[in-house]
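Two complexes, one shared chain (subunit A), two partners (subunit B, subunit C).
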Partner chain A sequence: MRIDRTHQSWAVASGVALALAAAGYVAATASSGRPWSGGSAIGLAYGISGFAMMVFAALLAGRKKVPVWRIGRAQTWMRGHLWLGLLSFPIILFHAGFAFGGSLTRVMMWIFVVVILSGIAGAALQHFLPRLMFARVPMETIYEQIPHVRAQLLIEADGIVSDACGGMAVITDPAAERATGGASKLQSSVRVDAEESAPLREFYLAEMRPFVAEPDSAHPLADRQHGDQVFARLRTLLPSGFHTAVSALENICEEERQLSRQQKMHAWLHGWLLTHIPLSFALLVLAIIHIVTALRY
Partner chain B sequence: MAELIKLTIDGREVEVPRGTTIFDAARLNGIPIPTLCHQQNQTPVGVCRVCVVDVGARVYAASCIRECDAGMTVKTDVPGVQKARAALVEMLMADHPAPCIRQQNSGDCELETLAAELSVPAPRYPRRLSPRGRDDSSLSIAVDHESCILCDRCIRGCDDVKKNLVLGRTGKGVTAGVAFDLNDPMGASTCVSCGECMVSCPTGALTNKRVVGTELGGGDALQAEELLDLPVFDGVSGTFLELNQGAVVKRHFKAGDIICKEGEFGSTAFYIMDGSVDVFISAPIKHVQQESTSSGWLSTIRSMLSDRDQHPRSEETTKRWIPIDAPVDLPYDNPRARLGPGDLFGEMTCMSFHPRSATVRAATDCTALEMLRNVLDILQKNKTFRAKLDDTYRKRALENHLKSVPVLAGLSGEFIDYLRNRVELIRYAPGQVIVRQGDPADSFYLVRLGFVKVSEAHPGGDLVLAYVPRGGYFGEIGLLGGGVRVATCSALDHVEAVRISGEDFRKMIEAFPDIRAELARVAEERLAQNRARQKTTDSVELNDFLAQGLMEAQSLLVLDLEKCTRCDQCVKACADAHDGVTRLVREGLRFDKYLVATSCRQCRDPLCMVGCPVGSIRRRNSLEVIIEDWCIGCGLCASNCPYGNISMHSFAVETADPEPSNRKVASTRKKATGCDLCTDQAEPSCVYACPHDAAHRVEPLTFFGAKFGLTPPRSVVDATVREERPGVDQTSK
Partner chain C sequence: MGGRTRTAKALAQRIDLNYFKRPHPFRRWKLGLSIAVPAAALLWLAGIAAGGSRAPYSSGPASSAHQVFGDKCERCHVTQARAFRAHVTDNMCVSCHDAPQHKSNQTFTPACASCHLEHRGAIRLATTSNRECEQCHLDLKTTTGRRTVAQVVGSFEDGHPEFAALRPAADASAKAVDRAVLKFNHEIHMKPGLRVPAGTAPLECSTCHEQMLPAATLGRTRAREMPVPVTYAKNCASCHRLYFDPLIDAVVPHDAPEKVHAVVVRMLREFITANPGQIGKPDPVRGRIPVNFPEPMQRVRNAAEWVDARTATVERLLWSKTCAECHTISAAFPRVVSTNMRSGWMPHARFDHQAHQMASCVSCHAAQTSRDTADVLMPSIATCQQCHKPTRGAESRCFECHEYHDWKTAKPAKPGFDLQQLTN
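Moving on to the complex of A and B:
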C-alpha cells in the first residue's frame, strides 16, 4: 500500500493518541513515585489498549478471508492495521514501563520488536516495490502463470530458430545427446543455408536455449548489457534476412529477464509476510497466556 | 445415311462418314492424337491447337475441328507436327505451376503428362509477372487460376453439358481467364456445385476440395450410386459424390435416441428421410440474477436463475420465439417443436461450426442422412434440393419466422399468404456484401441463418455498428428514409436471408400502420445509437491505446499498478461474490499506470455476439450487453470475447429424465454472464475488498479525460453516462 497523503488523518490521529499516551505515562510515573507496574490500574489500561490494537491488527487476516462481507472497506482495515499496529508497540512499552520483565514477557517483547520491524519493512516494500515493478517489468504476467509463460517462450524460441535455420528436432537418444556435449537436446535436422545460419544456431543451442529453459541469474544473458552486446554481434555476423529472427529472440530474452525480475520482486513483496504473520500470531498467543497468568497469579 | 469418304491417316486408308473430324477419324481407327481442349462429350473448339496434324496445306490443321475430305492425306506424327506440339506445350508449361495440385494429388494433370510424353524441356520463357490467383470461396471446388490453360472445357461442361450457364470467359490477352457469373468468387456465384467443370478440367485449375480426414464413422456408408438413387441428390454429379465418399452416412435412430445435444460443437447437418424428431432446448429459459442475501453487514451476493416475468430487466426483449438452427423457431414459453421427413437441421453448425443450438431427440424410429459441409454445400446449391427446401420454408417456416420478429408480429395471415410466394430466399457466402452504403434501398431483409455485419464507412476505416443474428432484420432505414442505404451489410459467415422487395415492404407498411410506426421507432433508435457512437469516436483525442475501444467503455475496472501489491484480493472477492466463479482476471491492457482488468467494455466490434447459436446475446440501447433467458450455456460468447469478460456460471437444476419420462433428475447447467458490478451492493466487491486503494471502477471518459487532459464534450459524456452507478468513480481520485 502506498503511504501517501490519504494516510494523513490516520497519521495525525495516531500521533495525537501517542502523545496523549506518552503524556499520561509521564504524568503517572511522576505522580506515583513508585516503580511502574503493568498490573496497576493505569498500566492495565495501557495493556488493554495495546492488546486491543494488536487484536484489531491481527483481525485483518480474518477480514481478508471474507472479502465480500460489508464490514468496512478492506482499505480502511489495512490503514487501521498499519497505524494501530504501529501504535500498539509504544502503548505496550508504556504498559511494561519500558522493562522487558521475566522470561515470557522478554520473549514477547523481542517477538513484538521483530513483528513491528518486519511490518515496517513490509510497509516500506509495498510502498516502493509496486512502482518499481510497474516501471521495470512492463511484460508482467500473473505470478502463478510464470512457469506456463516460460514454457510458451521456449516453444516460441525453438520455432523461430527452426524457421530461420531449418527444422529442429529433439534428440531422444541419450548417446546422441552425449555427442552434443549435453549442451542442448536440440539439433538441426534440416540444414538450410547451413553456413549462413550457423552463428544463430550455435548461439541459440549453446547459450540462449539453456537460459530460456532454465533461467539462472548467473547466466550471462541474465545481464541485459551483455545480452545487448551478444545480439548486436549476432546481427553483424548474420545476413539481414536473419535479423527479424534475432530481434524476436532478443525480445524473448528480455521477457525472460523481466519474468525473473518479477519473481524476485514478488518474493520481496510478499516474502516478509512469512516472518510477520507467524510471529504476530505467536505474539497474540503468548499475550493471551501472559494475560491469563498475570490476572490469575 | 451419311455418305462415306476415304482418306489416308499416317499411311493407312480409312473410311469415315462425311462430316467426321480428323481427330475422331483417327481415334476410330486406333490412331491417337494428343489434345488438351477437346473431350468426346463436348463440342470441339480448337483453342489449344495441340491436336494439329499435317494435311498437306500451308499450315497445320487442328484435327478436332477440321472435317475429313475425300482423298485427304493426314500425317499425325511427322517431326514438324511433333515440334509444333512441343512448342505449344512448352509455352503452356511456361505459365503452369508444375507440379500443379492435381499432379501432386493424383499425378494425372493432362498438360504435365503430355509435356513428359513429348519430352518438353523446362520452359525457356519467363513466367507471367502478375499472378492470376486462387479462389477458395467454394466449399467443394478449389479454383487455381494459375493452373488454368484456357482450354474452355469447364465452360462447355457448365454451359453446354449441364446448361447451368455460370462459367464464361473474362478479360483479354494476358488478363484472359475463366469467370463465374460476372467474375464473382465461385462461392458467391450462382454455381450449383454440380462438379462438371471440375471433372472436365485437364489440369489442377479446378479440383475437388475434400474434407480431409473427416470421414463420418458409424452409420451406413453410402456409395455414389446409392446416393444418386435418393431424391435429394437428384441432379448432383456422380463423380463429385464418388470423390466425397464417406462424407455422408445414413443413420437409423430409435425413438428416444438423442441425435445431437445443445451446446455441443459439431460439424455435420442432418436431413430427415423418414420418421420424426423433437427439437427442444433443455437449458432453463432463465437468466442469471444477482441478489444480496440480506441487507446486513455480512451480506453476500447470491446468483440465481430467474425468468423475465420474475425479474424483468431494463430493455428486456419481448420476443416470444427463440431462433434455432432448424427450419422452425421455438416458442419462448415451451421451447419444443417437431421436424419430419424432408427437414434439414444443423446447417449453421455444419457450415460455420457454431455450437448446436438445440437438442434433437428421435420422436419415432427415424432415418437421417448425416453429412459434412462439402456435401451440404452441394445439396444447398442443387436446384432440386434448393427448390424443395424453399418450398418447405415458404409453407411451414415463413409465418413463424415473420411472427418471431417482434415488430412484424402483427402481420395478418392474409398478408403472410401474399408474401409466401413473393419473398426470395437468398444465400450469401462469408464476406459477401448484401447491401452497400450509398446504394439505392430496394429491399428489406430478414436473417434466416448466420450473422450479418452492419458497418459504416468512415475515412479512418469501417465502424461496426451491429451484428444481426438469425431472427434479426435490416434494410428498413433506407426504405423508410431517403431511399439510400446508410450502412453496408455483409455476411459474416454463411448467411441465408429472406428478401422482401421494396414494393412489398411499402405495401406492408401501408396496410399495417402499427408496424410502420414500430419500424420507424426502431430505425430512429438505431440511427441515434450510431450517431452517439460516431460522436464518441470523432470527438475524443484518441491515441493508439484508446483507439482500441477503451474510451467507448461505460465502466472499467482499473488497477493502479503503482499501488497494487498483486495480492489478488480483488479476484478472490469477485469469486466469493459469485459462487466461486470469478469474473475478473488480473491481466489485460495497460494504459498509463493502470491495468484495465476485465469487465465488458462495449467493444466497437462486439465479437461476443458472433456465432451465438440461439441469438441470446445482444446489446441494449445503452450498448450494454444483455444475455437473454434462452442462453444454452455453450460458452461460445465467453471464448469469443477477447478480454475474457464473459464467464460461465454453473447452476444445479432439475431436468426431465428421458426414461422414465415423468421423472426429474438433478443436473448442472451453465449460463453465460458478465460483470454485474455486484448489483444491490453499494460498491463492487473487487473494489471494496482491495486493501491497497488500487482497484477502482471508473467511468473512463471522465476518469481518463480528467487525468490526461482528454476532455470530451459534455454531450458525449451525457450520451455515454446514462446513469450514475454506485461504486463507479465519476471523476479522478
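Moving on to the complex of A and C:
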C-alpha cells in the first residue's frame, strides 16, 4: 500500500494520540515519584489501549480471509492496521514504563520490537516496490501462475523452433537423455532446410531450452546483454526468413528474465510477512497469557 | 515462420483458473509459521511450568531481601480459597516482618504493597514514594484531632515547613530560641589563640562534640543520629576547674549543691585540722570579695567557727561566681536551675552526622558567630535543600529523614519459615 496523502488524517490522529499519551505518561510519572507500574490505574489504561490496538491490527488477517464481509473498506482496515499497529508500540512502552520486566514480558517486548520493525520495513517495501515492479516487469503475471506460465513458454518456444526448423520429437531413450544432461530432450526429427536452420536449432537445444525449462540466474541468457548479443549473432547466421522466429524466441527469453525478476521482487515484497505475521500471532498469544497472569498475581 | 502473438486473449488463455485452489509454498510457509511460532511460545511456557516454576510471569526481579525465595512465588502469592487472584496480602508480609503502626490516631493504614513496591530489582523496599506520605500529610487529619506535626507537609523541596526547632513560637519574638538555661558562648570558645591547658591550640567542634553514639545506645532508628552529649567532666573540666579556696589545692565535684557543700565542709575541716595556725589569720579570700559583700567580718575562735565562716565565704564565691559562670542559680539559694538542655532537635526525623562528615560543621551550624545560648544553631531547611533536591542527586524523598513505622513499639516477628522451606 502506498503511503500517500490519503494517510494524512490517520497520521495526524495517530500523532495527536501519541502526544496525548506521552503527556499523560510524563505527568503521571512526575506526580507519582515512584517506579512506574503497569498494574496501576493509569498503567492499566495504557495497557488496555495498546492491546486493543494490537488486536485491531491483527484483525486485518481475518478481514483479508473474508473479503466479502461488509465491515469497512479494505483500504481503511489497512490504514488502521498501519497506524494503530505503529501507535500500539509506544503505548505499550508507556504501559510498561519503558521497562521490559520479567522473562515473559521481556520476550514479548523483543517480539514486539521485531514485529514493529518488520512492519515498518514491509510498509516501506510495499510503498516503493510496486512502482519499481511496474517499470521493470512489464510482462508481470499473477505470482502463483509463474510455474504454469513458464511451462507454457516452453511449449510455445518448442513450437516456434519446430515451425522454423522442422518437427521436434521427444527422445525416449533415457540413456540419451542422461547423456545430454536432460538439456536436449527434444531433437529435430524432420530436417527441412537443415543446413540453413542448423544454427537456430543448435542454439535452441543447447542454450535456450535449458534456460526456459529450468530458469537459473547463473545461465548466460539470464543476462540481457548477453542475450542481445546471442540473438544478434543468430540473425547474422540465419537467413531473413528465420528472423521472425528469432525475435519470438528473444521475446520469450525476455519474458523468462522478467518472471525471474518478478519472483525476486515478490520475495522482497512479501517475504517480511513470514516474520511479521507469525510473530504477531505469537505476541497476541503471549499477551493474553500476560493479561491473565498479571490479573492473578 | 510464425512469431509470438501476445494478445490479451492469448495471455488470458495462459492463466490457470484454479491456481488459488492449489497450495503455494509462500502461503504454506506463512500458515505453517503462523501456527508453529505461537505454538513454540506456548511450549516454552509449558516447559517452564512443567518444571514447577512461575518465574516467567514475574514482573521483574525481586528485591535483594526477597531473592532468597528464588522462583517460589507461592511463598508470598497465596491463593485464597476459591479465588482466582493471588495478590500478596498484608498477612503474608507480617508473617515474617513486624510492621508497627505509624501513629495510634491515624485515620488510614495503607497496605504494605502500596508503599513497598516489589519486583523492581535490587532496590531497598523502604524507598517509598512521597505520594504515599502525602496522601495523609498534605492535609493531616487524626482520629483524636490532635497533631504532633504540621497539618500540611509536602515534598522536601516544595511544601515541607521549616524545621520545628527554627520555627518561632507563637507567643515569642520572630526568632526561634534555644531555651536551654546555660550560659555558653560558642564564639569565644572557637576563637583562635584561646588558652587551653596544653597551650593555645584552637578548639575544634569535635573537641567538645564527639562523634556519634554507638548504635546500641540509640535504638534501631536513631543510630548515628546524634553527637555524644557534651558533659562537664569530659569536655569542660580540663579548662574550667572548680577550685573553691586558694588555701586548698583541690576542686569540688560538678554535682548537686548539697554534695558540693558536703565536700567543701569536709575539705575545710581536714585543712584546719592539719593547719590549726590558720585560725585567727586574716582571710585572703575576703580581699577578692566585692565591697558590697553583705556579711561583716567576724572573729573566729576555734576550728569549728573557722570552718563555718570559711564555708560561708567560699560557697558564696562558688555559687555566685564559679557556678554562675555557666549556670543560673535560683533565688532559693543555693539551687542550680535545671539546664534544660535538649537531647535532640528533630524528634520526628533522623539525621546521620557521619554521612555528612565531608562538610565542615560550621558550614551548617553558625557556631562561630554565636554568643548567646539562646541562638539556635540548627541549620535551616534551606541549608539542607542546597544538596537534598532531585537536581543535585542527594535523596530528598520523605524516607530519607522520616520513618513510617514506629519502631519503639516493635514486637519480635514470628518466623514464617524454617531453613528448609527457604532453601528448597
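Methods note: the second predicted complex is superposed on the first by the 289 of 297 C-alpha atoms of A that agree within 3 Å, B and C clash if a C-alpha of one lies under 4 Å from a C-alpha of the other, contacts with A are read in each partner's own complex, and residues count from 1 in each chain.
Following the convention adopted for this analysis, a contact is a pair of C-beta atoms (placed from the backbone, for glycine too) under 8 Å apart; a residue touches a chain by one contact, two chains touch by 3 or more.
From a predicted model like this one, the values you see are computed outputs, not experimental measurements.
Peer 1: Once chain A of both complexes is superposed, is A:L295 in touch with subunit B (first), subunit C (second), both, or neither?
Peer 2: A:L295 contacts subunit C only, not subunit B.
Peer 1: Now for A:I142: first (subunit B), second (subunit C), both, or neither, which partner does it touch?
Peer 2: Both: A:I142 reaches subunit B and subunit C.
Peer 1: Thinking of the overlay built on chain A, is A:A11 touched by subunit B (first), by subunit C (second), by both, or by neither?
Peer 2: neither
Peer 1: Quick one: subunit B or subunit C, who's touching more of subunit A?
Peer 2: C
Peer 1: In the overlay, answer first, second, both or neither for which of subunit B and subunit C A:I252 touches.
Peer 2: Touch status of A:I252: second partner only.
Peer 1: Examine A:L44 and indicate which partner it touches, taking first as subunit B and second as subunit C; both and neither are also allowed.
Peer 2: neither
Peer 1: For A:A58 in the superposed arrangement: first (subunit B), second (subunit C), both or neither?
Peer 2: neither
Peer 1: Identify the partner contact of A:G102: answer first if only subunit B is touched, second if only subunit C is, both if each is, neither if none is.
Peer 2: second
Peer 1: Determine, under the contact definition given at the top, whether A:S32 touches first (subunit B), second (subunit C), both, or neither.
Peer 2: A:S32 sits against subunit C, while subunit B stays out of touch.
Peer 1: Could you look at A:V68 and tell me whether it touches subunit B, subunit C, both or neither (first, second, both, neither)?
Peer 2: A:V68: touches subunit B, not subunit C.
Peer 1: Could you tell me which stretches of subunit A are touched by subunit B in one complex and by subunit C in the other?
Peer 2: Shared contact residues on subunit A: 141-143, 270.
Peer 1: In the complex, go through subunit B and note every residue touching subunit A.
Peer 2: Residues in contact with subunit A: 296-301, 561-567, 569, 572-573, 576-577, 585-587, 590, 593, 681-683, 685, 688-694.
Peer 1: Help me check something: in the complex, which residues belonging to subunit A touch subunit B?
Peer 2: Touch residues, subunit A against subunit B: 1-2, 6, 60, 64, 66-71, 73-75, 77-78, 126, 129-131, 133-134, 138, 141-143, 266, 269-270.
Peer 1: Give the list of subunit A residues in touch with subunit C in this complex.
Peer 2: The touching residues are 31-35, 37-39, 99, 101-105, 107, 141-145, 148-149, 152, 156, 159-160, 163-164, 241-242, 244-245, 247-248, 251-252, 270, 273-274, 277-279, 281-282, 284-286, 289-290, 293-297.
Peer 1: How about subunit C: which of its residues touch subunit A in the complex?
Peer 2: 1-4, 6, 14-16, 19-20, 22, 24, 26, 29-30, 33-34, 36-38, 40-42, 44-45, 54-61, 73, 77, 84-87, 117, 119-120, 123, 128-132, 155, 397
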